[in-house]
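Order of writing sets the labels: A, B, C and D. Residues in every chain begin at 1.
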């Protein structure tokens, strides 16, 4: 597939350098994209992948370096410029406007017009057409904010594809997609490639990288480590390039852990919220990891939010060790020893302008109340401790968390809840945007925590990940809990079956 | 009988008194008074007038916030055959658009105040500071002009500083403080002219706090004759005030009565008296008389 | 960097601006810095600035907290009028000083509570929620005074306006003490951080278990409290409650003070001390204009020009090292990167 | 039906309800006179409210409009008095000035990254200050052109008048709706309101759009100034104090979110009419003292906002539960 390598490069960047106060994000990085290739960009969290993308598209002004497009030097001054050069981009985190309609998001800046006026009907028609290629049958006139992160992700991709005449850049596009969507996306990527478009693809899923890419470039700490043909390199080599060290043990050995013994300490009966999630029963034992699988919009996030009191349930009861507990707000949940890492870290998770330290102690502080501040020294210790344990890449604990790379923000959120020592932690897509090294560490951490008696509810679109650590998996479809797999039944195939099978009543 | 009354607002005690008196006068005469407060905005007054017309009142009283801009709506009232009487301020429309105007002459008021100062000084050198009303308001402009006319040609009197105190006590006090600082702790100032009593009352406190005696070290003359200034005069802290009577409605209703009875056209301008009060006029007694009038 | 150094660096732009404005005034008005003692109290233009700036400074304290939560309180001027009216009414009705002050403060707290409930429970946008009280509040104040200036002569109440403590005018003592007290409370407890957190990302904060509703109410109540103090001072200063004019448009000055103090209207990081310096800058400009002797019709133009200059000089774009003219987009995006929606 | 239209529908419903209540109490409220007045008297407010809607949808605010109206009036009247020019070229110059003024504020907001609230607050001081500098007196306008425009109205049956300025306001509203919903600029305005940073990453020309929004608001404030000068035949530097707050209230009552990103020009029209209705109602009633007037205006404002919130919440809930059972 990579015989294209010696044709004239489509996009060539040399010596790209970007310095933030306190961080050299990119240090003289060279990068070449050939026409008709899929080029994966890999590296740990904070390696500088997103920054490189932003420098290429002019979203950040680079401090040094040249960019050649088709041999011509170009200097995009922003996304608008990049678009006019035929570079379409999906930045990390969905960067769409929730207040606009789906169609407007797709065509912003390129709306079809008649006599200078936007033709709404034409736009809706084209939007339907575009979305149907991605298997989305939604009303393009509805607000984007009505849809889940995953749907938004697909729309962002569709928009970028529409705009990319020469180059398509995808920064972790698959982080919140399930396997079906990923397959669809890859089909589209392949057809674009066959049309001669160059694609830059960033992902932490190595399987996907090997599946789709022709070449890979690895960054580490803002430096270029190397560019290789995907065919000439194997997983282990790649991981070594990224981490600069050996990864001790391969993460996803598909062993199922035994169901933990003992009586459930948390019981939810007939718990639900009209219009959001149908009533379900859920029992959680100490030390148990409950996985939750389902398609996009199936109601997994809704389940989690209802359990945490972020959405107030209107039916059913919750009991902790047999005693009924109130769960009307996140506060109640926190008081009951719950924790919740939300899916959309940008909107529901991080407090961007507060420092890493403050973000980490926030939930703890909220729980013990404003009047008893955690002593400053203790805060610093905790922050340092988590930065070390979770390997959060930050210049120091006082850096505003919004300036960290996406994956590192996710780790800070995890640290926030671990700091409260929760008894029941809900993780919604916890490994989204986290690199292989950290991924392994987080799964390791999950297992460690459970060994100490903490219970977990993990929502993930990566089915084999669920297989790896769940004692029990609940399958959600159309806002109903439709199946529960235990022990040896937890296999990817079984889950796919349960997700795909026709209605068989709401089983639990 | 239904009469609409469009009042400017309630920005000062004097205006509150005018409103109170108008209401009580209407009640005495058995008039159904439709009161509309314009909150200092001309557009609201125009709206009020239009609504009165739409409602079909028998007559309209209006205290116009500004002189200009009434032609169109007065014309409309005229076409609807509703007589309009202006209270306490004038408009610069042609005078066949309204029945009559009741009020005092603002320039004249300033003039009376200035004249008092000229007489009081009798040729002594004097530096005067002035506290103006709200910049751009007609009382501020006219009272300034009237005062300047009066002291014109008297070279012993010099207007050394003039700032706006927005007709309020707080600003009057603040501005006076800065005058005192700027003029050598007040030693340079011999008299204060304030466009209304409220500012004067504020300024008097500032003078006292600077360690000077208002009324002696610095003469104080102002306009309106609200009760509090009489208290100050009784205490010897203020010297003179020019009365602007809040009872504008009485003469207005009289004129309207006559007009409705037999169509007598009143004079186009019914001027109220601009009476000068000094410390010799038994201020304490006047205070007692005035204090319950709703100021 | 040590805490003190960080703090000094935070307020440096405000201090420099203040120094600049004061220097400008003293050039135009040479006797400006003369301070003497008269009647057992400090007397001079700088003292006037501290004294006259008291209401705005007090309002700015509450306003800072409100703005830090991404809100705004337009009603403070009207609340001042209400509380001033209540105190004048109380004292003329013959209540003793303690009960009078208590009533006035309670009135302020109730107003703040009302705003807080509208904002946090009914979810009404702060600017509109407080606009309601801004309009109605002045009416309520006039209802209490019946439209007149309610004059009083009680020396105890007057003391809060023109008395002095340790040669400092009472209003100065009040705002400095209140400012330090609230700063201390907010920074010695976790309140400051929680307020900032709520202001930056309300949803995420609530999900982290912060009781954001109560917190929101608390900041509006604090704002009401500060407005009450300002109202009492304003009434005591002129020995009367002027319901029509007390605090009129002061909310704008208070907001301006907060912004000059470097707190973003988008909520988040705040500094009370910087806001207080901001209030003094505004008052210095006002006093400077009065001392300068320009005709009053130029007041607004001068004020606007000075504000613009101050803001331009303090603007984040210029502060990030004049990078603006060379590479506008870089500073732009790199900074806004941190703003969540 | 799209949930985005809910606030708009709620506003319309409330307006109709309120009008019905007024009519029940004062039948004269339904006369063409009152309806004509409603348009004429609020024309200047409506025009700035259109500009304000754009500004607010983009996530900003423009406090300068009231002062710009005052400045415009004084500028026109002083020019007409002192130069003897025909009003039309004076209007053109004025609109140019106010548009540039708005553009300058927009540029300051964007390039210096200063909050709109403060920049336009300084603009508010500046515009009114300039009005003072031009003339502190109120200056009457006595040009034939003005009288011609003033006598240019359509007499509706029942003696109500649809005046030129009332009609102009409607035209501005229609143009505003077209621009907001049918042009790329309009979508860009909504995009800015959804988040400047995101909009920038999506390729919205943020600088150009921001400047254009405030320029538009400045232009409309100038136009509103012209309308106000026709309305009062005068220029006065103390006119229209605090009108920006009325405009903001009208926009918000009309269902636009102050946080930006969502709202409707049509809603603003209803908002303006509701504000006008409150005033007319109070005048028709005519028994309220100055202070009760303020309190009642505040309470009605509160009632409208709560009613609207309730309506949106209620219908939203019904829809949710309907979706849940389906």
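Simple rule for what comes next: a residue touches a chain if its C-beta (ideal position, glycine included) is under 8 Å from a C-beta of that chain, and two chains touch if they have at least 3 such contacts.
None of these values were measured; they are calculated from a predicted model.
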item	value
Partner chains that subunit B and subunit D have in common	C
Maximum centroid distance from subunit D, chain identifier (CA atoms)	A
Pair of chains with maximal C-beta contact number	C-D
Subunit A-subunit C separation of Cα centroids, rounded to whole Å	43
Geometric centre distance via CA averages, subunit B-subunit A, whole Å	71
Distance from subunit D to subunit C - Cα centre to Cα centre, in angstrom	29
Sequence positions of subunit B contacting 2 or more other chains	9-10, 16, 19, 135-136
Set of subunit A residues in contact with two or more other chains	59, 78, 98
Touching two or more other chains - residues of subunit D	132, 136, 194-195, 198, 200-201, 289-291, 293-294
Chain-chain contacts as defined at top	A-C, A-D, B-C, B-D, C-D
In the complex with subunit C, residue positions of subunit B that touch it	9-13, 15-17, 19-20, 132, 135-136, 161-164, 166-171, 173-175, 177-179, 181-182, 198, 201-202, 205, 209-211, 228, 231, 294-295
Touch list for subunit D against partner subunit B, complex	26, 28, 31, 33-34, 37, 40-41, 44, 132, 136-140, 150, 228, 231-242, 276, 279-280, 282-291, 293-294
In the complex, subunit D residues that touch subunit C	108, 111-115, 117-119, 121-123, 125-126, 128-130, 132-133, 136, 194-198, 200-201, 245, 248-249, 252, 257-259, 289-299, 301-302, 305-306, 309
Subunit D contact footprint on subunit B (complex, rising order)	4, 7, 9-10, 16, 19, 33-37, 39-44, 46-48, 50-56, 66-72, 92, 134-138, 141
Subunit B-touching residues of subunit C, taken from the complex the two chains share	29, 31, 38-39, 43-45, 48, 52, 142, 146-149, 151, 162, 234, 237-240, 242, 244-246, 248, 287, 290-291, 293, 295-297, 299
